[in-house]
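What follows is a set of notes on a single structure, which appears directly below.
Chain IDs A, B, C and D follow the sequence of writing; residue 1 opens each chain.
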Amino acid sequence: MTIKVAIAGARGRMGTAAVKAIEEADDMQIVAALDYKYDGLFLHGAEATEEVGGIPIYTSFEALVADVKPDVLLDLTGPDAVFQNMHNAIAKGVRPVVGTSGLSFEEVAKLAEFANGQKVGGIIAPNFSIGAVLMMKFSAMAARYLGDIEIIELHHDQKLDAPSGTAMKTAELIMDVREPHAQGHPDEEEKLTGARGADIDGMRIHSVRLPGLLAHQKVLLGSEGELLTIQHDSFDRSCFMPGILLSIRHVMNQQDLIYGLENIIE
Amino acid sequence: MTIKVAIAGARGRMGTAAVKAIEEADDMQIVAALDYKYDGLFLHGAEATEEVGGIPIYTSFEALVADVKPDVLLDLTGPDAVFQNMHNAIAKGVRPVVGTSGLSFEEVAKLAEFANGQKVGGIIAPNFSIGAVLMMKFSAMAARYLGDIEIIELHHDQKLDAPSGTAMKTAELIMDVREPHAQGHPDEEEKLTGARGADIDGMRIHSVRLPGLLAHQKVLLGSEGELLTIQHDSFDRSCFMPGILLSIRHVMNQQDLIYGLENIIE
Amino acid sequence: MTIKVAIAGARGRMGTAAVKAIEEADDMQIVAALDYKYDGLFLHGAEATEEVGGIPIYTSFEALVADVKPDVLLDLTGPDAVFQNMHNAIAKGVRPVVGTSGLSFEEVAKLAEFANGQKVGGIIAPNFSIGAVLMMKFSAMAARYLGDIEIIELHHDQKLDAPSGTAMKTAELIMDVREPHAQGHPDEEEKLTGARGADIDGMRIHSVRLPGLLAHQKVLLGSEGELLTIQHDSFDRSCFMPGILLSIRHVMNQQDLIYGLENIIE
Amino acid sequence: MTIKVAIAGARGRMGTAAVKAIEEADDMQIVAALDYKYDGLFLHGAEATEEVGGIPIYTSFEALVADVKPDVLLDLTGPDAVFQNMHNAIAKGVRPVVGTSGLSFEEVAKLAEFANGQKVGGIIAPNFSIGAVLMMKFSAMAARYLGDIEIIELHHDQKLDAPSGTAMKTAELIMDVREPHAQGHPDEEEKLTGARGADIDGMRIHSVRLPGLLAHQKVLLGSEGELLTIQHDSFDRSCFMPGILLSIRHVMNQQDLIYGLENIIE
């Protein structure tokens, strides 16, 4: 069976990469694009033209469903449209696969209640990188045994916020299992302010910003006589494609809404 | 309740470190040492003397059990004595915790059958380092999603065998879950023989040997656009102590024989 | 004074990046493009059009020199045209800055003799990445003191040759100063063939190939109780631009031909 | 010719390691130990006994020189005795090789003036690790070309001061050549205080403290599209021996006082 996928956000950079990845997969195909304009045109790469043969574009989700009967709606748009898109999809029995960290807790809860009631599977993934999700999962697993932890995240120097969202998320996952305690020597002294990094529940986070860097994170877990390091390097947005394909396959066997790729990775 | 621990191999380097670690733990104590000589003497550090107040030494396990009724026998001797020691312990209802990779499959099977029949818990751990065991476990978990893998292990230049036992064990655990396939470009060419390392099921292992190094391993798992690295550095034999203490605590709640620390780490 | 630069190979990927970098620099400008076609047209980005205002294209170097009198010819073409281009430039007193590893020893020698005789400065750089060149230079400097060395180079799995050219070049630079000797234990044994990597003069090179990787190299120099590691990560061709600008500035003060960026970095 | 070395501080841990290293070298030998007690006894390992055959101990430097005429005085004592020991050595024409960071600028200046006047070579090395000294030297060399720099130093969690002395020394050497400027994005924001580390002249230093760690430092130098990393791992005090032997050999050909191992490493 071939999974029929409709896509929202197809003309963006992530979208064009996703279209390509899905077309290269044997078990799924793109059947339509949902857009806010270009109704009736056809998508060729990132361009919408009148040339027949590309992916048909719809501005109405109802019309799209009536015409192509998709199994899955992959939504790679921003936070504005995503709540309504997901709601529409669930109402029509189309499984949503959504990559965004922009939904509020309340919105996610509302969508989960709706999806679970309708027995329509769905996945919301703030991060589609399997490697990044495994790094976070393993860090939290290891923290039960190796409770002294420092996180070093390294990004290009155009990044505005420090620590990164991934570092904060990692720390939160660790905090769920780690016994809180101050690390380092009780009498340690910072001779230069900030040297010991940011303190979060006793753990430390260090944010490196340099030109040339892309997106990297190391989680260091120390114990007497040993060190365990879990590191993720993200070089290119192509790293999100395997997680998207995995989610599309997985959602076909669900009857509820799942939040976070880590919950479909065993 | 304090767990009463008898120890075999107490005068070796691992043994003296274990005695110290157990004495510093709140929930267990060393009650006797099993040795092949020095019966009736007392252990003070690594030395057996007549001075009362140390750990009483027995050459007979029967006499030891009769006198001090241990809950656990921690055996840190070599492969020669360990089978008989474990058998004796199980027969007396004393739970064996054993650190050796020297038992054959047949011996382990025989001991497991005996322990399970007697409902006496036991643990055999080829590696008591929790960090190393987690590295292996995580590598195998990640290999289901990131199937292109190379292992780099680095040791001091006095090591005779390459690859290391830990690298081989890691590769075997990965092979249980990874779809076998050749890695690298089909037409790749070694301009210097050996550059691409050892081939095991399509994966590659590289063994670095340099003065100064201790014992280190990195498992690199690559996928389009990303890299996940799981690294363990072992600096000192003190890294084995947490795994020993964990095993002693865990074995109190078992009624069967467990092989490998990875099976008591969740 | 503004350095006037003519460029050959301007329509390629390196070329367009170099044009952009030079235009952003305060002390130099692109005055013409040398090409094998499009004479009389103008370069706008990577495209040659009739639209006035871009960089004027010449197919004749003589005409180019007569019209714009460049100080420097930056040549980023392949090995075919480069010898003749350099010869023409030197004959006209235009300083060549060339990025290629495709010239033979004989060709370099011939060009050097001609340039030195004419007192025209020139630079041939097989690698314009300052970071990579420093990695090689430092490795050779350190090898005088830390003589046990292994090189790990890591590239994407589409690379055909192993070891990489940079790893081989690094090893050669080290061999000039390192006392040759076998490394590792004299009785070490490869239980899997290739585990200890490629042997070059007693040193070892390991080539890792994984999807996701870009271009990376680590040089490990070990000694009793310590390890020095010199690592270079190349993420993008933009890393070649600072070396190109540095060469253009440096060549203005030379009267001879220099081979290798390492010889203008102090 | 065999270099005759007298040693002060021979009974300490560094001292016993140094005695062993010097005795294993072909071109030098220990001829006497200078101590504040045990005059007339003999040193066997770290113990002073009456047993003839070990290294003769003197409490008077004058008597030591009269008896054994050393070429070099290796001083591994603390900061208290070292100024007087060096002064005495220079006065007698014995070349001092000294490992301490405890002398003030004024004391070093005074000793240098005296040694240079007497034409007696001498070396004061705050750090005898060749690997650490090369890391610092290379970082400063590279900083001329790659001026965006962050230092990550990692030590065991018993260390009291952050950043480490080596990190501070590295930053100072870099500051001598780097154009000062703020790094990171001008609008970057620390969402957790300290995340971006300590600021020194625009560079950043991050201090990691974890159980298990020994002494490690990475210097990261970033530029558009690339990263150069210079890393030193110190595992054991044996790493100081090659620097001590190198200094003893080098001092034989000097007629002045040199401060810092980096100045005898080319």
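Keep this in mind: contacts are C-beta pairs under 8 Å (C-beta built on N, C-alpha and C of every residue); 3 or more make two chains touch, one makes a residue touch a chain.
None of these values were measured; they are calculated from a predicted model.
Chemist: If you apply the touch rule, which chains end up adjacent to both subunit B and subunit C?
Modeler: A, D
Chemist: More C-beta pairs touching across which pair, C-D or A-D?
Modeler: A-D
Chemist: Which chain's C-alpha centroid is most distant from that of subunit C?
Modeler: B
Chemist: How far is the middle of subunit A from the middle of subunit C, if each middle is the mean of its Cα atoms, in Å?
Modeler: 39
Chemist: Would you kindly tell me how far, in whole Å, the mean C-alpha position of subunit D lies from that of subunit C?
Modeler: Here the centre of subunit D sits 37 Å away from the centre of subunit C.
Chemist: So how far apart, in whole Å, are subunit A and subunit D when each is placed at the average of its C-alpha atoms?
Modeler: Averaging C-alpha atoms per chain gives centres 49 Å apart.
Chemist: List, in ascending order, every residue of subunit B touching at least 2 other chains.
Modeler: Only 212-213, 221, 223-227, 233, 235-236, 239 qualify.
Chemist: In the complex, go through subunit A and note every residue touching subunit B.
Modeler: 129-132, 134-135, 138, 141-142, 144-146, 221, 223-242, 246, 265-266
Chemist: Okay, in this complex, where on subunit C does subunit B touch?
Modeler: Counting only subunit C, the residues touching subunit B are 148-150, 152, 154, 157-163, 168, 183-185, 187-200, 204-213, 220-227.
Chemist: Of all residues in subunit C, which touch subunit A in the complex?
Modeler: So the residues of subunit C touching subunit A come out as 212-214, 233, 235-236, 239.
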